[in-house]
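Chains: A, B and C, in written order; residue numbering restarts at 1 for each.
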Amino acid sequence: MNFRSVRMVRVFLSQRDQKVEELLNDLHDRWKIHGVTVYQGVAGFGGSRKIRTARILDVSYDLPVTVEFYDSPERIDQVLSELEGIKPGHVVSWLADMWMGETP
Amino acid sequence: MNFRSVRMVRVFLSQRDQKVEELLNDLHDRWKIHGVTVYQGVAGFGGSRKIRTARILDVSYDLPVTVEFYDSPERIDQVLSELEGIKPGHVVSWLADMWMGETP
Amino acid sequence: MNFRSVRMVRVFLSQRDQKVEELLNDLHDRWKIHGVTVYQGVAGFGGSRKIRTARILDVSYDLPVTVEFYDSPERIDQVLSELEGIKPGHVVSWLADMWMGETP
């Protein structure tokens, strides 16, 4: 089998965060990241300590949004070094193996 | 760049599990965990080997729910050592780097 | 505490991919994987570079779908070595610790 080393990143934001769309576009247009997936959580809490949940009948809720992406460690280091507008402590990353299929 | 070592945790539960809300509250009130996100899956299976999927027209379905959180390895070790009511084999964790922004 | 080494895997597919259901069934029936969860993203992009998002009023959208599973490193190696029909670069894996409860 054939693997390539990558760095996985998860950025923890929320629905009201204007940053989600901007980050998605930056990762696409500027950084040409391999792949990005945006997930919406159904509950959670972050720095504000306020628990958000989709079960509460509150039209103004602000659910968690997680942006996940991966690419070579070098490219990810570069992305992280130029991240703007994201609060420290909201970005977590780790090394992983990207499967490249069977070696021919 | 400035990183801090954290331990990521994913706990695999299901919608019917009374544990989801209790765990979220414990992580918030008792453990004061840095951040927690709860995701709902659209399909999956666990220990019971029964495949659950949102596509089946069954009002009684019981979809997967994943609780993700991270904090310092020391705090996570303490949380895991006092976890109650969660089946062994349903909690997975690994070390990661939390990005703390540019060093000033 | 009692931990067992596992390999986490995330496979990045999309809604229109016929592969999602086939993979879920294979992991269940053939590989008897410990646990599998399928998540649907709300936005993202992959190899095609086309950004998909649930916000666009387009009935034909094709949102990201992530299949997550974990088991012993040996079993995961075997699964990955026989994966078929999945594009290289769409599978990421890493080692993690599965919590097995308190040692009695």
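Throughout what follows, a contact is a pair of C-beta atoms (placed from the backbone, for glycine too) under 8 Å apart; a residue touches a chain by one contact, two chains touch by 3 or more.
As the structure is a prediction and not an experimental result, all values here were calculated from the model.
Asks: Rounded to the nearest 5 degrees, how far is subunit B rotated relative to subunit C when their C-alpha atoms are superposed?
Replies: Fitting subunit B to subunit C on C-alpha positions yields an angle of 120 degrees.
Asks: Where subunit A and subunit B touch, do the two copies share over half of their residue numbers, giving same, or under half, giving different?
Replies: Different: fewer than half of the residue numbers at the subunit A-subunit B interface appear in both copies.
Asks: Report the inter-chain centroid distance for subunit A and subunit B in whole angstrom, where each centroid is the mean of the CA atoms.
Replies: Centres of subunit A and subunit B (C-alpha means) sit 17 Å apart.
Asks: Return the residues of subunit A touching two or more other chains; collapse runs of consecutive numbers into ranges.
Replies: 39, 94
Asks: Within their complex, state which residues of subunit A touch subunit B.
Replies: Going through subunit A, the ones touching subunit B are 12, 39, 41-47, 49, 51, 53, 64, 66, 77, 80-81, 83, 88-94.
Asks: Name, in rising order, each residue of subunit B that touches subunit A in their complex.
Replies: These residues of subunit B touch subunit A: 1-2, 6, 8, 24-25, 28, 34-40, 65, 68, 70, 94-102.
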